[in-house]
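Below, chain A partners chain B and then partners chain C, in two separate complexes.
Our next item is the complex of A and B:
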């Protein structure tokens, strides 16, 4: 029998102790600011998490789906018996805790999971990695003006995908376990004290206020019922795509972009089969061996990115849009292509 | 609003109405502070979308290669030099273009502004003559614009367009004082291994998104060497060697053609100062051939000219 999940509480100044305790069981990744932006990093002794961040520049998807991952290795040396035979590359799946992940990025992992782990396909590495990671979310008390999470089935304190959700109550941190995994983590971290009702009320208020502070909203209600060909042939794609320089910034920063390419790299008679992040923005993404490219034009590639997120995914998985409203693409697109505007154009067509 | 905006709109409207051009390439106001969006306008009634401020850091010449018809284009100093490079390299014809020149006193580096306020969000920007006000929740600063310029603008000596059909304002005074290659000399003063370490650290965060390459007006090859798949020249992973090959080769392809517009650096999502690579080569080209890219539409770039009577023996 499992106990019900009870909110726990600890002093904020004990945060470093909490992390230190976790390090006995987990590899602990926390946000740190380095070379101009925030990123998740394993902390060494004496280093501290910097929780003043709004969000990390790149999403933490790379801890489940690394940008470059060695899948197999092989030898071409025919004197060796198993020449040309692919052998799975060894990987570590040691228990890892991402502490401070934003709720949007955790929810994104659920959205991607339906692609990598479904009755038809099961990507063993994605599944094993995701299982080995415990996600300790930190609610966004101060969301950005480019965050639109509440419009896309998410929110600044959204719980889906998380194992624990932390509420920053200034002097205290309220820790809400959401899964057995999360409960175990809090035990490892020495967090045992039950939260009192006053703190729970404060947490509730913090959440409500944060949700009210989201000022950016996008419409999504009509996307599902639109005719896919009407959207595909919509008149606005040329305008949307004009400024696009077809770089991979949006797709590489996005927590829900999962596309990859597989390459063999050989050196001195041995080699690796590697899977690398790919981007629908790149012409090579769809280039056929024949030389034909079904998405040879920029506008086709731009359309693909938005159609995939806001229509194909919606239709295929009946799971909402493939976007969590983190706003990274809005903030870092070098030419200011704003997905919120594309939501409007597609929804209102 | 910036003093050039009205004039840009007036000229743009006029040339569209008079059918002197089929379209205008300019900037429109961004959806978030410190950003602008390149825009294509065909209808005179839409010219009020055109906008100008100190965050028009993309280089509009990027949108020119192989474009047909008569094109109106807004150009600050560096954009105009890249337009000149395109003309010399046969990417567009001079007679296709109506260039609306904008005198430039430098673009403001949004990252420099952001680092001033930590990780807080800048929610509002207001520009006045020479000043810039940055506001967000719990802070407000009025700053001197000149203290927050992009690195390339600090060293710029061609702020006025070199090529234009109309100007949206009076020419600004060109600066004579900047030391254009002080940073290059600093790196050259390093030992070899130090220099390698410096470059490797510089690109450590590169995600191979190619924003630097794609923001660059010079990178118009139909298929870039990193995208070539038969044969494949460069590995596609984030192996540091492959990443370094990409950056070094990209810089070499820009040698003698780069105007140091800084679009590459501004586009980079992880803030890599990629200009360190191109600037070293710009300096070499300047030292060896006394040439700066894009100052004339008569001269070919130094690295694609050959003269049988060249005074250097090694090339004859």
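Our next item is the complex of A and C:
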């Protein structure tokens, strides 16, 4: 029998001790500030997490779906028996903890999981890597002005996809285990003290106040029932795409963008088959060898990105939109294309 | 089809090693060659069961992978046939291989022609250019003694730009001699005064030859422009959209619905297709 999940608590100034204890069992990834931007990084001894971030510039999706990953290796040397035959590249799946992941980025991994782990096929690398990772979320006490998570089935303290959720109570940190994996992590981290009623109330208040602070909302209620061809043929796509320069920034930053390319690389008679992140913003993404391209025009590619997230995904998985409201694409788009406006246009068509 | 357990436990990206056993040059311009491929491990070959209409990712170590429909029928045991147009990196490499060279085969992938629904029906096969490959597999499959009783008559409309670009000429001639197959060959143009068949584009010849639905299913495969103009011909002949079956092509990488590029609306050509009915396509955005 498993014990019920009980909220735990530890002093915030013991956070470094907590991470140090975790490092005995896990590779520990935490947010650090580098060259003006936050990102997740494995910390060395003496390094500390910097929890003053709103969110990292890139989502931590790269730890489950690396931007570039060796799939297979091969030799082309005919003197070797297995020349031209692909072998799986060896790799380790050591236990990893991502500490400080925002709830939206954890939920995004659940949204992407339905693509890589479906009833027909299972992507072994995605599945094994996701299984080896324990996600310790840090609730957003101070959400960013571009966040709209609360209107897309997510929120600043959303629990889906997380193994542990941390509440920053100024002097203390309340740690809520959400899965057996999370409970195990807290034990490894030496977090044993049960949270008292007062701290739990504070955590509840913190969550409610953070949710109220999110004032950016998008409508999603009519997306599912809209006819796909009405949306596809809608008059607004030219306007939406007008300023787009197809740079692909949105797709690389987006925690729910998963598209990838497969390429072979050869050096000195041997090589690797590699998969790399790809982007629907690039014309090469769909270019046939014949020269035909179903999405040759910029407007078609911009439409594909939004239709995929807000309509095709909705229809295919009946799982809501493929957007967690993190606001990264809104903040970093060099020409200020705003997905919140596209939500409105599509939902109100 | 591999068992579900097999697909889930294995690595769906890992090709089965295979050997090129024979290379047949199909067309006078040598742009199309058929590769007869045999699995290196017998067990892989036994596990590889498919139906006409499905495809594989054919893998060349160091070059990449491409989706190719099987040109052979599952009734042809012990090997697979792929007819390949020289177009990109992998196909150029393939055209320079020799018998005995090693490649990889990943599959079978995708769906197949609606064989169960076509039972007891006439089958109209309309193909253009080098897209005739899985249609050849379909015809060989129907004509096999094991299956012949399951289906009624076959009508074939097949065209290429010129006589020298028609695939599988010997088989076409054999089919022509049968009384259960009507073959209508056509070329866009020819300067051969002795050309005994039709001259004209596939949709135009189809319009002359296919005048009634006659309880048939139509299997259509060809370049986008041919598909576009053949659809109304079949609809005018009385074919319901559910009975117009189209096999599509799309740039692919993974072949298993994960890499994200071959979608039409919420369908992936690699897993929900490549075979679609016109009724299905009518519901989807026109982006192919």
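Quick notes on this structure:
As a working rule, the second predicted complex is superposed on the first by the 349 of 349 C-alpha atoms of A that agree within 3 Å, B and C clash if a C-alpha of one lies under 4 Å from a C-alpha of the other, contacts with A are read in each partner's own complex, and residues count from 1 in each chain.
Here is the rule we use: contacts are C-beta pairs under 8 Å (C-beta built on N, C-alpha and C of every residue); 3 or more make two chains touch, one makes a residue touch a chain.
Note that the structure is predicted; figures quoted are calculated from it, not measured.
Aligning the two structures on chain A places chain B and chain C next to each other without any clash.
Within the superposed three-chain model, A:230 lies out of touch with both chain B and chain C [touch as defined at top]. By the touch criterion defined above, A:287 lies against chain B and chain C together after alignment on the C-alpha atoms of chain A.
Once the two complexes are overlaid on the shared chain, A:263 sits against chain B and chain C alike. After the chain A superposition, the centres of chain B and chain C are separated by 90° when viewed from the C-alpha centre of chain A, nearest 10. In the superposed model, A:142 makes contact with chain B only, not with chain C. Touch criterion met: A:122 reaches chain C, while chain B stays clear of it. In the superposition on chain A, A:194 contacts neither chain B nor chain C.
By the touch criterion defined above, A:334 reaches chain B but does not reach chain C. Of the two partner chains placed by superposition, A:212 touches none, neither chain B nor chain C. Taking every C-alpha atom of chain B against every C-alpha atom of chain C, the smallest gap after superposition is 6 Å.
Common to the chain B and chain C interfaces on chain A are residues 261, 263, 287. Only residues 33, 35-38, 52-54, 57-58, 67-68, 142, 144-146, 239, 242-243, 245-249, 251-253, 261, 263, 265, 274, 276-277, 279, 282-284, 287, 330-332, 334-338, 340-341 of chain A touch chain B when the two sit together in their complex. On the side of chain B, the complex with chain A involves touching residues 30-32, 35-40, 58, 62-63, 111, 115, 118-121, 123, 137, 204-205, 207-211, 213-215, 223, 227, 229, 235-239, 263, 266-267, 269-271. For chain A in complex with chain C, the touching residues are 71-72, 74, 76, 83-86, 88, 115-116, 118-124, 228-229, 232, 258-264, 266, 271, 273, 278, 280, 285-290, 292, 294-295, 300, 304, 307-308, 311-313, 315-316. Looking at the complex, you find that chain C touches chain A at residues 4, 7-8, 11-15, 17, 40, 59-66, 87-88, 91, 101-104, 224, 249-251, 253-254, 256-266, 271, 283-285, 287-288.
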